[in-house]
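Chain naming follows the written order as A, B, C and D, and within any one chain the residues start at number 1.
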Amino acid sequence: MKKISPIKIKPNQKTTDLVEQMKNAGFGARKIGLASEIAKEIFSDDKTQLFIGLAGAMVPAGMKQIIIDLLKEKPGSILVTTGANLTHDLIEALNHSHYHCDSWDDEEFNKKGFDRMYNVLMKNDVYQDLENFFEENWDKLSKSGSQSELIKNIAKLLPKDSNSILKTALDNNVEIFCPALSDSGIGLMIWGRLAAGKTTNIDAFKDMNQIIDTAWTASKKAIVYIGGGTPKNFIQQSLQFSSGADFAIQITTDQAHPGGSSGAPLEEGKSWGKLKPKATHVDVNCDATIALPLIFSDVIKK
Amino acid sequence: MKKISPIKIKPNQKTTDLVEQMKNAGFGARKIGLASEIAKEIFSDDKTQLFIGLAGAMVPAGMKQIIIDLLKEKPGSILVTTGANLTHDLIEALNHSHYHCDSWDDEEFNKKGFDRMYNVLMKNDVYQDLENFFEENWDKLSKSGSQSELIKNIAKLLPKDSNSILKTALDNNVEIFCPALSDSGIGLMIWGRLAAGKTTNIDAFKDMNQIIDTAWTASKKAIVYIGGGTPKNFIQQSLQFSSGADFAIQITTDQAHPGGSSGAPLEEGKSWGKLKPKATHVDVNCDATIALPLIFSDVIKK
Amino acid sequence: MKKISPIKIKPNQKTTDLVEQMKNAGFGARKIGLASEIAKEIFSDDKTQLFIGLAGAMVPAGMKQIIIDLLKEKPGSILVTTGANLTHDLIEALNHSHYHCDSWDDEEFNKKGFDRMYNVLMKNDVYQDLENFFEENWDKLSKSGSQSELIKNIAKLLPKDSNSILKTALDNNVEIFCPALSDSGIGLMIWGRLAAGKTTNIDAFKDMNQIIDTAWTASKKAIVYIGGGTPKNFIQQSLQFSSGADFAIQITTDQAHPGGSSGAPLEEGKSWGKLKPKATHVDVNCDATIALPLIFSDVIKK
Amino acid sequence: MKKISPIKIKPNQKTTDLVEQMKNAGFGARKIGLASEIAKEIFSDDKTQLFIGLAGAMVPAGMKQIIIDLLKEKPGSILVTTGANLTHDLIEALNHSHYHCDSWDDEEFNKKGFDRMYNVLMKNDVYQDLENFFEENWDKLSKSGSQSELIKNIAKLLPKDSNSILKTALDNNVEIFCPALSDSGIGLMIWGRLAAGKTTNIDAFKDMNQIIDTAWTASKKAIVYIGGGTPKNFIQQSLQFSSGADFAIQITTDQAHPGGSSGAPLEEGKSWGKLKPKATHVDVNCDATIALPLIFSDVIKK
C-alpha cells in the first residue's frame, strides 16, 4: 500500500511537478495525477489510436488552444464534438471573440445583444458574419456528402494561419465527427441557405462507417472524454462491438446516479464491451476548464 | 409575502394533494409544486405549442408510460429526443424488457451478456432482434428522406396496440425529431445495412425546417426539458430567433457552473431570446424519474 | 432478475401507490421505492432503535411536520440535528414564520431585514424575540449541564400545544443531540447572555455517553440520514465500535468523489464497522424536501 | 468588456503562470484565477483578519501542508475546523499515515482493519495509539476549560518539530475552534476517559466569545471556506452582526438548490449581513484537493 504524501506548494513550482504531487494526494487531486499519467502513456505511444469526445462550450471558455495542441501532438486522432464547439471555433476564426462576465442580468444582455454561457458572453452580431460566410461559400460547402466532409470543407476555407480546431484538424489528419451538426449555429446557417431556396444533401449516417472501422481495426485504443453528450456516446457505441478501449480518461461534473450516459463512470462501459476488462482508466470529476491544463501539462511539448 | 407551510403526510393522500402541498414548502419541493402548476397551464391551453426535450435513458428507467400519456394529452406536440430513447422504445416494442440491478460487477455483466445503465440492465441479445427488424423492413425504411421520416417509418411497422412512444407519437400527430439518430442502436442498425451493401439517403439537415417553422409561427410556446443534451439544445436554437417561449419547465441534475448547455438555467435563455422576458418558468433540480410522476400527476387524466 | 415496469400516473392516485410503482422503475425512482420499503420495516419493528440525523435547513423548508410525525410514530428514537434546525423550530414555536422567495436580490433583502436560505426567507427581527426568550427564561436554562439537557429545558418552556420538533421529542421520549449547538442562533443567544455577565456551564462532551451507550446496547439499529454534516457523523461514530447498523437510509445531494463524510455512500461505513456487512440500506440522491414525503408516505399513519 | 484568452500549456510552465492564464479563461478556470487574486490580496495585507473554515477530510487527502503553510504566512488567523481534521492531524503527528486505494471492497477492508474515506485509507489500529496518547496525557488535557483550550493543550504535547496543523497553529498565534469536537476521534477518546471514570469539564459555549469578538472588532475581514459544514457556519454566524466580510473565497462541490448552508453561495450571506455589499468574493465549485494548490500557488512563499 502506498502512503499519501501531502502536497507542498513551492515558489516557482512547475505545473508538471504539482500534478506529479497530486498523484500522491487523495480525492480529486489523486485522479488528476492518475489521468496525467495515462495521458502521457497515450500520447507517447504512436500505435495507440486516440478518440477525443469534446462536449460543453469549451471553445467559448478558452480551451481551444489545448485542444489544438493535443491534435498537433497526436496527428491521426479522431475528434467527436458538438456543433456548438465547431461553431464557436469558426466564429473565433472569423475574428470574433468571447468575453468575461462575472455577474449577469439576462434581460439586459438580451437588450444589449449578448448571448450568455454561464460566465462567458458572445456578441449576438456574430450571426451576421456567420451568415455571410455561408452565403459566400455556399458553392463549396453545399457539395459535402457527409457532416465530416462539410466540416472539412469549412476548414479549407479558413486562412492558412488560422489558429482553430477546424484548421488544425485538417492539417493533422484528424477526422472531426459531429453527429448532431444540425443542432448548432452552423446548422442554423445551413437551414438559412435551404430556406433561401438553395439545396444540399448531407447524409446523416455516412460518417458512421469511418469511426466504427477505425474503432474495430485499431489494435490499441485510447479515449479522452471531455464532457459527455453525443460526442462521448458516439465514440462509446463505435467501440461497443470492437475489442474495447485500452486507455480511458473521462472529465465530467455529471453524476452517475441519474443514469444518463454523460455521467456514467467509465467502468460501466465494461459491461457493454466498450472498455477492456483490464483497461487503464480514471474518472476525473472536475470542471474541464480546471482539469484540462493540469492533466495535459506534461503532454503538450510544443 | 407568502408563508411556508410544512408538508403534512396524510394516510391515503393523493399525489396531487402532496404536490399541491409541496408548492407551499421550500427548496426543491417548492419547485416541484411550481412546475406542476405550469404543467397544468401548458396542458389546459390548446393554443400553446408544446416542445418536449427528452434526454437520459428515460425508457430503460421506466418513464415510457408517462411520456406516452403526455403525448396523448397534447396531440400535435413536438418531441425531440435521443436515439437511445427511441432505440430502447423500439426494443420494448419488440417485446424485450429492461431489468433491475442494485449492485454491479461490470466484468461479470459483460460475460453474462448484460449492458448496464446505472441500476438498469438490458440483455445484449436485443441487438439480434433489432438487426432482424431492420433487415426485414429495410425496403420500407430505406426510402426515408430525413431522420424524422425514418422514425415515422419505424413507428408504422409496429403493431397497432404497441404501447410505445414511437407509435403514440404517430397516432397523435406528434413529430419526433432526433438530430443525432446515428448516435444510437438504431444508428448502428442502419450502419449495419450500409456495411452489408445496402443504400439509403437520409438528409442530416432536412428536419430543421419544420421545427424552426413551428417555433417561429406558434403564438404561444411551452418547453419541457427532461434532461439536457441535444434534445434541449435543438429546441433552444429553434426558439432563438422566434419570439421565445412563454412557459418553461426544466428537470435536470446538471449544474450551471461547468457552463454546458445541459445545466444552464432556463433564465440564461433570456439573453439569447429563447425565453421571453416575462415567461413563466422553473428549474427543477431533481432526478427526472422522481420528478416526472409528481410534476405531471395532475395533467394525465386518462 | 426482475423486470422494470414503467410508472403509470393514474388520476386520484395515492402517493403510496406511486411510491410502490417507483420501486419497479429505475434510477432514483427505484431508490425512493426501496427506501420506502426499508422505512416501513424500521417503523414496524418496535425492537429496532432508530437514529435520525437531520441536517440542512429542513425546518425553514417546511419539513418540520414530517419530522414531528416520524418522532410520534417511533417514540424513543434518537434525533441528532443541527443547531440551525432547532433554532428555526424554536422560532416557529415563538409564532414566527418562514416565507417564499422565488428570485432574489440579497442586498435588497438585507436592507429590508430578510435573511435568505435559497428560496426561503426569515425576518431578521426574529432575533429580538429569541433574545427575549433566553433573557426571560435564563434561570431555567442556565442550569443545564449538557447540550441535550439545554435542548430539553428549552422544550419544557414551550406551550403544551406547540407543534414543534422540540416539544414532540420531549413528549415522546426522543433524545435530541446537537454536538455543535454553539454553532446556531441558540448559540448566539447563549453567547449574548454570557456577554451580559450571566454564567452557565454546559459540558461539551457529556452527551456522548448516552448515544454511544444506546448504539452499543441496542440489538437492532436503524439509521436515517437526512443530509450529512455533524448529525450524520455523530451517529456514525457512535456506531463505529458497536455491531453496526442493520437498516440504513441516506438522503443527500452531496457527492462521493470529494471525499467528505456528508457525501460518503452508506456502503463506505462497512469498512469502519458502522454498517453491518448484511445491512439493508439505500442511498437516495435527492433533495430531501422531495424525497421525505415520498419515502415516509406509508409510515406516518396519524 | 474583457476578452477570453485561450489557455496555452507551455513546457516548464510555472503553476502561478497557469493560474494567471486561468483568470483569462471562462467557467471554473476563471474562478480559480479570481480566487488566486483575492488570496494574494488577503495575504499581502497585514491588517486583514483571516478566518479559515476547513471541512472535509482534508488531512487524509494530503492537504495538511498547504494549511500549515497558509497559517505560517498569516499568523494570527482564526481556523475553524472539524474534529475529524484535527484527529487525522494528530494521528499523523503520532507517526501514522494515510494510504491510497483506487478501488474498494468495504467488507474486505473491514476484515483487514482499514477505514475508508473515498480513495483514502486509514489503519484501524491508529485508535490504539490515540487512546494511549489520551491516557498518558490525561492530566494535562483534562484541565482544559474550552474546546479551543483542549486543542491547544493537545498541540503542546506534540514534539517541537511536529509538522502538524495543531503545532503550527500554536506556534503562529492561530486560534483553532472546533464547535463539534465531540463529533470526532478526539471526542471518542475523551468519552473513553470519561467512561473509565475520569472527569473533565469543557464548556460547550465558552469559545464563542473570542471568535465573535474578533469578528466584530477587526476592521477588515477575510474568509476562506474550504468545504462547508460547521466550520463555515460558525464563522458565518460570528460575522452576522459584525460589519461583514470584505474578502471571501469559497471552495465547495455542494450545490445551492438543496438549500443547505454548505452549498449556499457567498452572495446569499449579504442578506444576513455576513458579507459586505461591496465585498470582493468568488465561489469556486471544485474539489478542494484540486483547487487549493492552484488558488494559493502565489501566496505560499516559504
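In the analysis below, a residue touches a chain if its C-beta (ideal position, glycine included) is under 8 Å from a C-beta of that chain, and two chains touch if they have at least 3 such contacts.
These numbers come from a predicted model, not from an experiment.
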| item | value |
| --- | --- |
| Equivalent interface positions on chain A and chain C, same or different at half | same |
| From the options A-C, B-D or B-C, the pair that copies A-D, where over half of the contact pairs coincide | B-C |
| Distance from the mean Cα position of chain C to that of chain B, given in whole angstrom | 35 |
| Centre distance in Å when chain A and chain C are each reduced to the mean of their C-alpha atoms | 43 |
| Centre distance in Å when chain C and chain D are each reduced to the mean of their C-alpha atoms | 25 |
| Sites on chain D at which at least two other chains make contact | 26-28, 31, 57, 60-61, 117-120, 255, 257-259, 285, 287-289 |
| Chain A-touching residues of chain C, taken from the complex the two chains share | 26-28, 31, 255, 257-259, 283, 285 |
| List of chain D residues in touch with chain A within their complex | 1-16, 18, 21-22, 24-32, 34, 57, 60-66, 69, 97-102, 117-121, 285-294, 296-297, 300-301 |
| Of all residues in chain C, those that touch chain D in their complex | 55-57, 60-61, 84, 104, 106-107, 109-110, 114-120, 124, 147, 179-185, 187-188, 190-191, 194-195, 200-205, 207-209, 212, 227, 229-230, 233-234, 237, 240, 253-262, 264, 267-273, 277, 287-289 |
